[in-house]
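Two complexes are shown next, each including subunit A; its partner changes from subunit B in the first to subunit C in the second.
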Partner chain A sequence: MRNLLFQQRIAITTFAILSLMIVAGCYLFSITLSKTSFATGTVLLISIFILASYQLRKKLSILLIGNTSAWLQFHIFLGLLTSVVFLLHMKMQIPDGLFEFLLFLNYLTVFFSGVIGWLLSRRIPHRLLSRGEEVIFERIPLHRRKIHDKVKSLVLESNASGKGAIPDFYDEHLRTFFEGPRNQLRHILHSERHRHELSQKITALQPYLNSQEQAVLQQISEQIQLKDDLDYQYIFQAIIKLWPFVHVPLTYSLIIFAVYHTLAVCAFASTSG
Partner chain B sequence: MTDEMVESLLKAPPFSKIDPSGFKRSLPLRDILKNDVRIVGFDEGDIIVRRGDWGNSAFFILSGNMRVELEKKQTSLPDEILGRRTSRVKTFWESLTQLWNNNSEPEVREIASVSSSKATFHSRNTHGGTRIYLQEVSAVLDKYRTARLEPGQWFGEVAALGRTSRVATVFSEGVSQLLEIRWQGIRDILRHDKEGSLKQYIEDVFRERALSAFLRTDPLFQACQPELMQRIVEQVEFHTFGNYDSHKPFKQLLEDQNQKTDGREPVIIREGDYPSGIVMIRSGLARISQRHYNGRRTIGYLSPGQIFGLDEIQAEVKSLTPVACQTQLSAIGHLNAVLVPTTLVEEILAQNSSSKSSGSQKTKKSIRSTGSQSVKLKDDILLSQLVDRHFVQGTSLMVIDLDRCTRCDDCVRACATTHDNNPRFIRHGPILNQYMIPNSCLHCVDPICMIECPTGAIFRDLAQGDIIINEQTCIGCAQCASNCPFDAIRMVDIRDAKGALIVDSQTHAPLTQATKCDLCIDQRGGPACERACPHDALFRVDMHDATKVEGAFAS
Partner chain C sequence: MTEPLQPFDWKSSNYERPANTWVCGRLCEEGLPCHLGPSSKGDCQVQSRCEPEEKGGKYQCSRSILHGGKCKAGPAPDGTCCQPDSSCQPRRSLLARRRLLGGIAAFIAASLCLIIFGGASPSALLSPGAVTASHAKIESNCTACHTAAEGGLGTWIHIAFNDETALKDSGLCLKCHTELGNEALFAHGVSLKRLAEITKRIQTKDEPVSTPIALQLASLTGPPATKDQLSCSTCHREHHGRKADLTHLTDLQCQTCHTRQFEDFQHGHPALGDYPYNRRSRIYFDHDAHLNRYFVKDEFKRTMPAGVKPDSCDSCHTPDTSGRFMLTGSFKNTCASCHEPQIEDLEFPGVPFFALPAISPQIMKSQGTWPNTTGTFKTARLPQLMELLLEQDPLYQNAIKQLGTVDYRKLNGVDPDQYAAVAEIAWSIKRLLYDISTDGESVLQQRLGNSHPEYLHLNPSLIPTLSQAQQIWFPNLATEIKLHREKKPIPATAANVSKTQTVQIPRDAGNGWTLSESDFTIRYRPLGHADPLLKGWLDQVVRSQTQALDRDPMWRILSNPTASGTEDTQGALASGRCLMCHSVDQNPETGLSRINWLPLPASQTTEGFTQFSHAPHLSMGQYEKCAGCHAFEPSRPDNSAILQQDYFARDPANLFWQINVDGQQTCTSGFQPVSHQTCVTCHNKTTETQSCLQCHKYHAHKRMEKP
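And then the complex of A and B:
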């Protein structure tokens, strides 16, 4: 832990020093009456390519080209550093041209999706560990189906004809709950209101049940807990799995836009003045 | 074995020297010989045991001569001619081409590699089985240093009883006849032989050949004078604890997690007793526990080569009054240990302190380092779980810190890419605190999967210590998979490049092979799973390295 704190301090200090150096370098360059946009743009384009190569590193896991964790640390560091270069490149202004504005938006979405992904990768593991059984994401539907089947058999067990307090309760309040992932937003917001509501309904039903039915309802309650935990696991695992599908395609579009922008600038703009 | 053969064996040494009256009526010596012993014939060059294999039987030479290789490392018999897979590390280009050369079908094997047609070793069908043999024995004798074993001598008994690997390769020099006795047979004979001649023989062999070198692995004995070492070697006692095949009940214990394992473990030194010497573990693992309210709390464990009881003797030397053990030592599974008597330990300490006062920095360090050798953790509940579930067996235990793991499965993908698109572990397993121990090979210090492998296909790589499976010699018997208490070995149907199942040419039954994690032995940079984890969540721990264990489970 002490080592981690030390590493973080080193990274923050290096980031601050490099940012200052970039700002100072940009200022000094501007004194020479050169266009700083060319310099910052070149740095930015190279940085984007380096940042995108992280995805390639993940594919080349068998090659001895450094640990992926070291690459990720560098990816985050460089990604944050590009924001400084980007601001200098923009001269702190929102571009007025349509294409430049789209490029601007594209960069922002890539940058912020990266930051959000970074925060999610720090936060979600802890939340996944805090509740429910650890289940492989691809197996969650199977587990959900098993729970649903168990509940259906319990409902049938309570009353073979399919009529009665528990079957009615199941049809009214539980069928949709067990059919698929539910209450996803509530899980994300850490709300347990849906569970309280269900448990209140179960409590309200109990006076109308005989002892056998009460035992069945108790077992159904346990399955509700299991299913809810599974939903919790499902939504957070889904977020962390789906997040790259936002960040990576946006990166590819950013590369295309940036390359086009560079070609256009090189073709039509002067490098001095 | 026929009754006539048993009769003739009982009339000749070594069995004629054993008193049959000491044996139980239900298990007489005659029955042990009948059930656990067989006479095996060997032709010139036949390999009987290979260095590094796990042995479960010992051999007694009836006729003919054997040759045992003497040198290790560069001058030892090469792995290829012993029928062992040579671990060749892939080049950068070979690794890169895996990206597009990997098969899309699962578990594809080259038929040639399964049928051994391209094998560099020689095998033949003889004496009712397939044997690997050395083709030109005279050339081997010229090239490599060997010693002759003659009729009346035993070999392989130390490895069979100690559950350790064979230390040398033995092959037949000319036609020979051996008596092969299973470890169960040796165990029963040792247990009931009143005169103890066989036991004495085995102990003497170990004393003569290996004890001094074994003791010197510990810093305490490294500075011992030759005369003192000689006396230690003569006076050391050998002890065995636990059931040899304890992995079978352990499998049941794993299924029933409510049962406590420590209650059944044989106690080596009880808490509160005065130690009669220091215990040094030869093979197996030992638990150190302490009384805690009405139960016992695990506070550490010992691995082979580690010592227990030295602190108490050191305290006794200082205070000049006997010091009782503050902790209890018990055997986890099967354990072999040596006991060095207190008087001799006191002599070593006296000798070391005199050399310390004369300024030997090395001795100073060695005494200090022997104080507390056991692996300890601040979180004793986690430690207890690791010991109870036998994860402490692992020399390369895969651990995933779930507080860091994003469940991205990059580790599984990297494993699959490395192994021709076949992942060799499942990211699923028991969770202890925030640590998941996935379903992957632990590369155990006591690899019970290697016991009973009929072809020696599963073996420990001598260079790196990993347990690996040789696809060329694996016959798919599933013995290793059923022995593994962690279910880390999977039997798979093997296929050709087109995806068709490879079948036995005679029975037409699909051929299966055992698969498991091989720590990416053929890749540069070690396990791909570990390198592929972007969050440093997956790591491997040698559970016998106290510093690494403490560091890994620190948070």
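And then the complex of A and C:
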């Protein structure tokens, strides 16, 4: 933990120093009447290519060019650093031209989706550890099915006497719950209201059940807990899986826009900068 | 205690392949994936049903071992498979979906770019922003400023890798901005040679300077190469909105190329030197003498009873409409009350243009009329115009040759054997007068050729006066000329001259020509200030002659700032002559001179690195008085003499005054140079009015200025 804090401090200090150096370099460059936009633009374009190459690095795992974790850290660091260069490139102004505005929006979306993804990837693993069992995201439907089957068998077992209190309860309150992922927003908001509601209903039912049924209901309660934890795992893993759906595709469009922008700038920028 | 959901042992845990494009559809729908999974093409590989084979009239199950082997129930009697269809519709994996989305995003972006970039010329969508208001009219026409706009994407790619593009585009700027001159793309719009001169001059100064740390560090990145051409966009960046300031530069940016760099105007700016007196004033005016000597109350009343004394500086100087220049009032409003009588100097006999030398009747015996027989001739030579007109007359030249050295004051004293030569001179003069009387201006053109255009088309013209002189002095000249050409004796009757006919053309006729019978001369007396004939003659001379102006007799008369008006009389400097006040500047390169008729130049011919606007300073309370900045030199008895040296010099023999034609010499006109400290009292860090561009212009090229 101590080591992690130290690393964070080093990273923050390095980021601050590099940012200052970039700002100072840009200022000094502007003094010489050089086109700072060209300089910052070039740095930005190269940075975008390097950042995008992280995706490539993940695919080419056979290449021994640093581990993925180090690449991720570098990706985050460089990504944050591009924001400084981007602000200098924009001269702190929103562009007027349509194409440049598109590029501007594209960059912002990619940047902020990246930042959000970074923050989520920092926060969500802790939350995932706090509840339920660690499961592979792709297997969650399978586990859900397994739980559901277990509950269904318990319900059938309880129906052997033919009274049908638990099956009715299942049909009324539990079937929908077990059929798929539920209460996603509540999980995101860290709310457990739905569980309390179900617990209250189960408590209210218990006085009307015999001991055998109560034992079955107890087992169903355990499955409810298991399913709720699985839902919790599902929604947070889904969030981690889904934010790159914004970040990655828009990176491709950003690269295309940036390349065309560079071409236009080099051909036309003799009167601007 | 519930069992863990996810077993990880090798037997019960499936191997997940999230990187595959397809995943089992039943996993997604029901949570019941098959062990086989979909194919790489997205097909379900589970084949519970088979095509039963007929063998011996009975159908047999043909399901392979891979798909579960032969089923127990076997096919139906009609040959159909008994198993339900358990295949699924595989779904794309998350990774595949992300990849697909990436492809779609890239496709949309590329399509959009092709729409924007794909045309034959750039789309308006490509514009990075509005141009400044001054360029708004050409905003829609990209080709007006960009060579790249002349073609499509291919051209842009080619141009993007061409280093010359910026300079080519700057050439387009200069198509409209012609006022920037031919050297516009060089630093400061001046030639490299001139720039090197200025740099050398600055480098030789010994003033200590402290280069700001920012500039020291910036120099590591390399300032623009001032030896090369600079594109307009080095300083002017467009497409930053209608209200963008195209000319804004910081002080550090201004200094980045400079040899001497300093903190700001308040700290480290070089002393202003002789500013603003980097050259003498165009009109010779001794402020010190006028204000401290001539305008002294009682003395002024005594010497100039009709004179009007100025109350303050603004009696003579007022700012122009731009507020930049302080204009000097007109001659009529400022100088005339004292100096008009001096110009109209009644004692000035006028400038001689034509004269008859005195020749005794003994020499002119049988030679016809010669009116000036008893008078005296005051100069050794004839008036210059006469000499020039007689230059092409072979008979005259022959006579001169015979006489040797000719002194027209002593023509009557020649030896008798030279009488014929003197008579021939007289005939040459008579022929000249006759020719002019009969043929007018064309004779002047014929005789002068192209060598002395200043005497052609004089305004007012000399011809009528010469004709009049001929009628008065030589009434029978036509007859005399005819007889002389026929080499016949001239009868005495033809030589009679009416002594009673004496004519003096009055000046009131609006013509400055005077015909004097007392000394048989035709002179020109200026009509007043800005006399058209003298102004025209002087302008012609300085325009056409590059050397030895001082050797020109006529120039010596007209340029001589004395009141004499003759070649031989060299007096002290005196007001009233043109060139006493109007200085003459000679261009050291061409040798041609120019008379400064106006206090400010009609066109500025030197670089203007500095601009100063008087009007805002005049409105400042503290410096309302001009003397706040323009202080007189400490009073010394030789101040006037020092100033005088800037305009006039004694000839090498120290006999007479010559015009000093060096206009570029530093001359303070009696004032102390403006002190840098005086400026700093207002232009400092506190007031934030000390930027370079406050006083300096980048485009210092020679340009037309209309004050």
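Definition applied: the second predicted complex is superposed on the first by the 266 of 273 C-alpha atoms of A that agree within 3 Å, B and C clash if a C-alpha of one lies under 4 Å from a C-alpha of the other, contacts with A are read in each partner's own complex, and residues count from 1 in each chain.
Keep this in mind: contacts are C-beta pairs under 8 Å (C-beta built on N, C-alpha and C of every residue); 3 or more make two chains touch, one makes a residue touch a chain.
Since this is a predicted model, take the numbers as computed values, not measurements.
S.K.: For A:Ile136, decide between first (touching subunit B), second (touching subunit C), both and neither.
M.R.: Both: A:Ile136 reaches subunit B and subunit C.
S.K.: Is A:Glu100 in contact with subunit B, with subunit C, with both, or with neither (first, second, both, neither)?
M.R.: Second partner only, subunit C.
S.K.: Quick one: name whichever of subunit B and subunit C touches more residues of subunit A.
M.R.: Looking at subunit A, the partner in contact with more of its residues is C.
S.K.: Between subunit B (first) and subunit C (second), which, if any, makes contact with A:Arg145: first, second, both or neither?
M.R.: Second partner only, subunit C.
S.K.: Thinking of the overlay built on chain A, is A:Leu60 touched by subunit B (first), by subunit C (second), by both, or by neither?
M.R.: first
S.K.: In the overlay, answer first, second, both or neither for which of subunit B and subunit C A:Ala267 touches.
M.R.: second
S.K.: Given the touch rule stated above, what does A:Lys241 touch, subunit B (first), subunit C (second), both, or neither?
M.R.: After superposition on chain A, A:Lys241 lies in contact with both partners, subunit B and subunit C.
S.K.: Under the contact rule defined above, give the subunit A residues that sit at the interface with subunit B and also at the interface with subunit C.
M.R.: After superposing on chain A, subunit A residues 134, 136, 241 contact both subunit B and subunit C.
S.K.: Looking at the complex, which residues from subunit B come into contact with subunit A?
M.R.: Contacts found on subunit B: 92, 95-96, 98-99, 402-408, 410, 413-414, 417-418, 427-428, 431, 434, 436, 523-525, 528, 530-537, 554-555.
S.K.: Would you pull the subunit A residues touching subunit B in the complex into a rising list?
M.R.: These residues of subunit A touch subunit B: 1, 58-64, 67-69, 71-72, 120-121, 124-126, 128-129, 134, 136-137, 237, 240-241.
S.K.: Could you please specify the touching residues of subunit C with respect to subunit A in the complex?
M.R.: Contact set of subunit C toward subunit A: 2, 4-6, 14, 16, 18, 23, 27-28, 30-33, 94, 97-98, 101-106, 108-110, 112-113, 116-117, 122, 125-130, 142, 145-146, 148-149, 153, 155-157, 159-161, 165-166, 168-170, 173, 214-215, 217-224, 231-241, 249-250, 252-253, 256-257.
S.K.: Using the touch rule from the top, collect the residues of subunit A that touch subunit C in their complex.
M.R.: Interface residues on the subunit A side: 25, 27-35, 95-100, 102, 106, 133-136, 138-139, 141-148, 222-223, 225-226, 230, 241, 244-245, 248-254, 256-257, 260, 263-264, 266-273.
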